[in-house]
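Structure record follows, encoded as structure tokens.
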Amino acid sequence: MRDYVEIGIGREARRTYSLEDISIVPSRRTRSSKDVDTTWHIDAYTFNIPVMSHPTDALASPEFVIEMGRQGGLAVINAEGLWGRHEDLDAAIARVVAAAESTNPLELLSTAATTALQELHAYPLNDELLARRIGEVRESGATVAVRVSPQKARELAPKVIQAGAELLIIQGTMISAEHVATGGEPLNLKEFIGSLEVPVIAGGVTDYTTALHLMRTGAAGVIVGGGTNTNAISLGIETHLATAIADVAAARREYLDETGGRYVHIIADGDIETSGDVAKAIACGADAVALGEVLAPAAEAAGQGYYWPPVAAHPRFPRGFVSEAPTVLLENEERPSLETLLHGPSTEPYGYQNIVGGLRRAMAKCGYTDLKSFQKVGLSVR
Amino acid sequence: MRDYVEIGIGREARRTYSLEDISIVPSRRTRSSKDVDTTWHIDAYTFNIPVMSHPTDALASPEFVIEMGRQGGLAVINAEGLWGRHEDLDAAIARVVAAAESTNPLELLSTAATTALQELHAYPLNDELLARRIGEVRESGATVAVRVSPQKARELAPKVIQAGAELLIIQGTMISAEHVATGGEPLNLKEFIGSLEVPVIAGGVTDYTTALHLMRTGAAGVIVGGGTNTNAISLGIETHLATAIADVAAARREYLDETGGRYVHIIADGDIETSGDVAKAIACGADAVALGEVLAPAAEAAGQGYYWPPVAAHPRFPRGFVSEAPTVLLENEERPSLETLLHGPSTEPYGYQNIVGGLRRAMAKCGYTDLKSFQKVGLSVR
Amino acid sequence: MRDYVEIGIGREARRTYSLEDISIVPSRRTRSSKDVDTTWHIDAYTFNIPVMSHPTDALASPEFVIEMGRQGGLAVINAEGLWGRHEDLDAAIARVVAAAESTNPLELLSTAATTALQELHAYPLNDELLARRIGEVRESGATVAVRVSPQKARELAPKVIQAGAELLIIQGTMISAEHVATGGEPLNLKEFIGSLEVPVIAGGVTDYTTALHLMRTGAAGVIVGGGTNTNAISLGIETHLATAIADVAAARREYLDETGGRYVHIIADGDIETSGDVAKAIACGADAVALGEVLAPAAEAAGQGYYWPPVAAHPRFPRGFVSEAPTVLLENEERPSLETLLHGPSTEPYGYQNIVGGLRRAMAKCGYTDLKSFQKVGLSVR
Amino acid sequence: MRDYVEIGIGREARRTYSLEDISIVPSRRTRSSKDVDTTWHIDAYTFNIPVMSHPTDALASPEFVIEMGRQGGLAVINAEGLWGRHEDLDAAIARVVAAAESTNPLELLSTAATTALQELHAYPLNDELLARRIGEVRESGATVAVRVSPQKARELAPKVIQAGAELLIIQGTMISAEHVATGGEPLNLKEFIGSLEVPVIAGGVTDYTTALHLMRTGAAGVIVGGGTNTNAISLGIETHLATAIADVAAARREYLDETGGRYVHIIADGDIETSGDVAKAIACGADAVALGEVLAPAAEAAGQGYYWPPVAAHPRFPRGFVSEAPTVLLENEERPSLETLLHGPSTEPYGYQNIVGGLRRAMAKCGYTDLKSFQKVGLSVR
């Protein structure tokens, strides 16, 4: 059924597609973008826009988390980042930014900033500090989502839920329903999720089988995506997101059938840089997207114009790095508000701003007014 | 029948082709380019060359419209641009140009120029001013074509026809025979076109079905193309023009059969940058082309060496932007005349000048002497 | 049998391949490159290497023609270039070079040099001057090959043969066995070639049918190639040389069968930039190659480090332009001799020098020792 | 069975894939990278990591050879390089480095450095000097592997084995089991290898048939790869390593069957630049890899930050050239130790450092804990 090629005698490889390879094809009566509804319901929560933020300290300052809620989306706090390691969070962030800014512009990337991240993450995690900060955000009224790694989930999840997390994100570069380790007790996600009182979104996954197993653990949502794009070079593992989303959507159909109607949400995370990418991800089958670098220019983002994924802080094998946020056309101008990035108005033609407005227009031009039915829009590859 | 690939389990995408992907294949006895006839007949009008201009204020000054007629083509005036909004049109254009010129050359594009366009288009449309200007051009003897958007067609079309428009262009980024809107009366193009006294060219469309519906509205011509190439990034909707033209040509055959002989013209609009692109568009099935940026270097063009598509002026989600016209090799030289751009002679080897000369040579080398039969020339993809 | 794709509904395009797309695959016992024989026999002539030069004044100075003969190849003189138009040929060339050198380095190409070429070619052709120059080269003992255009063949061929041309090259961008023109007598190549006393090589062609027709005219060789690579942009006609050579080789087989053994040689011309390209062209089925720009760095070349194809001089629609010869790594060094370019030794790793040495090594590594059998070597596409 | 395309009438080419074209697809339960075993057993030797070094003087100083052993891999000494030609080896290397450093940075590559290499290799090979140096390294306790060319194998192999070589590498750009030469006695590898007392690794090969023949000679390992990537341009022979490895792995299966269980190792050599490439090579079927340029930044490498392949020294037709080692992000920093390059820790996100750590993580994320079973991991092409 799949499209396989024989790369050498007796060795096959599947042909896969990234978002960049595909395009949306309008072929129905056009609609007004005002008639488009972008509401996203997951578990008991409703969001006006199908947008989460990637769980990085480069985005999630308290102000950012609160503003994401106001703008209709969901910000995610990284429990294993700097929030619980440094009493003076601003100073910690400032150290990363200073290292990045001091880099010789001729260098491709800032190893000094990576070193700063590595050193800052070597500090111990102070549970009380983390809990206090989570609590403060919760008090603001924003929906609080906190990310833990699969390795630390058992230890940290109860604490962050206790502190106020309403949605738990269990996210590693790659996750499986049962991680196998010699010695040490593996995390059985099904049992673990069953023991929690809050809905869980887990990932990332990139294939049908792992996704189906993850759905069977009871997760409310599954994150599709295989981490940063340096994985393609450093690990030989390149996630082609269009294929991955479509495969996981097939797992969603299978699981719907198995369960007689339990719908697990798919959140696409990675490679999503513009409003067009958001539209394509949903067209492939995603229910929502997690945005990272594209939100980093926001005035409310913690990173002051810099971005890094959490894995950039790995002590021995960092993937990703500290980079300037894609302000694109904004030399010498102030950083835009998160509202502008998400809802416009914009003077920028590529969909780095007014991201949700772009999604609305794409849907309207194709004649769709809700996210679920837009998952069936025609696609082309070139 | 079509070529589909499975991008993920149960999700297909059609393989499509842009003009860049294809090449014309000569395989007949060669002819002299002097024997090539490029006449284009549409409705009661005959043009020596199969060339319209894209309806932008960056091209259509009164001088440009008149000169296009002299050179055998058809210029299109944008009824919703600056002609009807600013008594001092030159000053309005000059403001856009000044903003573009003041941009730091290191920036990728001029947001200041976009802001200027947005502000200038926020002025109210003065029907009398627009009518007066259309009338002045009409008096010069040039064939007058005026573009209205589908949204404003009902309101503006009678006025511009009254003012002297001989051809009405109803053009939006995407158009459908019936636009659906909650509240408000949709534009039924069939009834609307039937009520007009002038021939209508409508678009853009990119697929067979929409094109066929549009043909059934009574349009004399259909514009193929999905707007600016920033749509690919901002909306996820990338028009692959070779496929789109061929699909719409198939709709033309179907409609010919349905009607027992009514021939609807296809005008390709978008991605057409050189004489080679013009030849390819016709080889795919177009009867004529609409040229935009490639005409912007003309001394007669309004934009003084700058170009922008009408959608660059959108108040919240501009697509396209103000850019320097592709003078290519002409640093420190005067801008060429529209005659040189269309008919040469040229010192430029890529077909940015002597565009119709390039079309003639392509046809002659393939052994064709008229546009219609050249639609059957052999093609290759690499 | 061919590989076709449907680019749009009811419109097909053939999938074709350029030399860049393919690679030679070694799979036999390796040989020593010393055992490789590169002899090329065509008609009564034998050349040590299967190499002609492209008929441009940028290469063919008298010294260049003589040295090509010494190095085992065949230089081609352009009868319609500057040799017969300017008594002081050096001064004419110097004017082109000076225009090119005076160009602002930021410009993509030198329109001043194109203008110089256009003006220099506007001078009348002095038959006696041309004949005298051809005669002088003939006296040196080199084999003399002269190119005429199909348009001027009837007029000029007798004169250049009378002057000493031993091989006649009838070459235009595209040629067909019978060019059709309204008014004026078309050139019937079969009759014309039959009337000549010297062997004729004719081209360029890019398809099976035209090649077969051309073979039937009695030509000793057929040139495969569709002119400069600006044609792809200016005419929409891009020659994919690997496919073109293979198709014409199929015509050669057909014609061999038709005639019971008449072998027409195939000379590949265009896109051939390195020794690897020479090897690929022969692997696709060519018997020899015509080299242009890659020979321009030679100290003996007329252009003093600049190159242009003859079509760069077209008065209204030039294709190709004056460009710096690809000295590649030779900043501040002397220009290499033609001997070094063809036979080495070299300090350059990409096969821009020791071109024939590279061909020998490619053949040896694949286990072939003569050109004809190397036409069957395995190929891959990526 | 294979995937062939018709590039022209009657001429086919096989579709092949490079490492860059493929990606590893995780689809099993994830593991901890600590559980991954990268041990490589070949003949009587066991290495902790599946890594050889390419046999170039740019890497193999005595310190480098010894340190490679300490880090678990195998360094290879080039018997035909500078070790046996220059009493003062450091001075010889320094001359190459000085030539490279003196090159104008605007030049694409240093012909002066190539000239230096050519001149330094023109010195006679002093067998005693070579033997003395090999002996000194042997005394250090490191496993000693020495490379000879097929042409010189008969003459040099006994000497280097006598001097202490424990593994003999017979490596040329392309090798076949029997090289055919007019006059002179061909090297019959089967007889030759049978006569030696040490295990032999031979290559490079790129196809099934040659690999099978080479396996039948009794070689313990076969090197897959066709030399430097300038071959693609200079010879028209481009090795697509993913296909080549898979084809040779098929030959390994055939030979296993023929012999009832003799397992010949496959070492991939060429194009391997990052930890991701190492993982992909093994995923395609390799048992180990030979690393070249990626190890050149090591403080222990002979080339002091420069790299060249042995073929860069060819007297008439060099392929490859002297280039700066890919320090990538390390401007103004010290060169990393070989330990850091192989085992980390790293601040670099692309897998140019901590190469084995990257391999471990790739395997763990895919759920594999040993190299042999990782050869079956899923693959994709885009």
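By letter and in written order, the chains are A, B, C and D; residue numbering begins at 1 in each of them.
Throughout what follows, a residue touches a chain if its C-beta (ideal position, glycine included) is under 8 Å from a C-beta of that chain, and two chains touch if they have at least 3 such contacts.
Going by UniProt, the chains are A, B, C, D = Putative oxidoreductase.
None of the values given here were measured: they were computed from a predicted structure.
Its C-alpha atoms superposed on chain C (Putative oxidoreductase), chain B (Putative oxidoreductase) is turned by 90 degrees; the angle is given in steps of 5.
Each chain gets a centre from the mean of its Cα atoms; for chain A (Putative oxidoreductase) and chain D (Putative oxidoreductase), those two points are 40 Å apart. Chain A (Putative oxidoreductase) and chain C (Putative oxidoreductase), compared by their mean Cα positions, are separated by 56 Å. Of all residues in chain C (Putative oxidoreductase), those touching 2 or more other chains are 15-17, 21, 243, listed in ascending order. The touch graph of these protein chains is a ring, one cycle where each chain has exactly two neighbours. Chain A (Putative oxidoreductase) meets chain D (Putative oxidoreductase) in the complex at residues 5-18, 21, 104, 106-109, 111, 114-115, 118, 173-182, 184, 206-207, 209-210, 226, 228, 230-238, 240, 243, 312, 315-321. Residues of chain D (Putative oxidoreductase) that touch chain A (Putative oxidoreductase) in their complex: 1-3, 15-17, 21-32, 34-35, 208, 242-247, 249-250, 253, 274-280, 283-285, 328-333, 344-351, 354, 357-358, 361-362, 365-367, 378-382.
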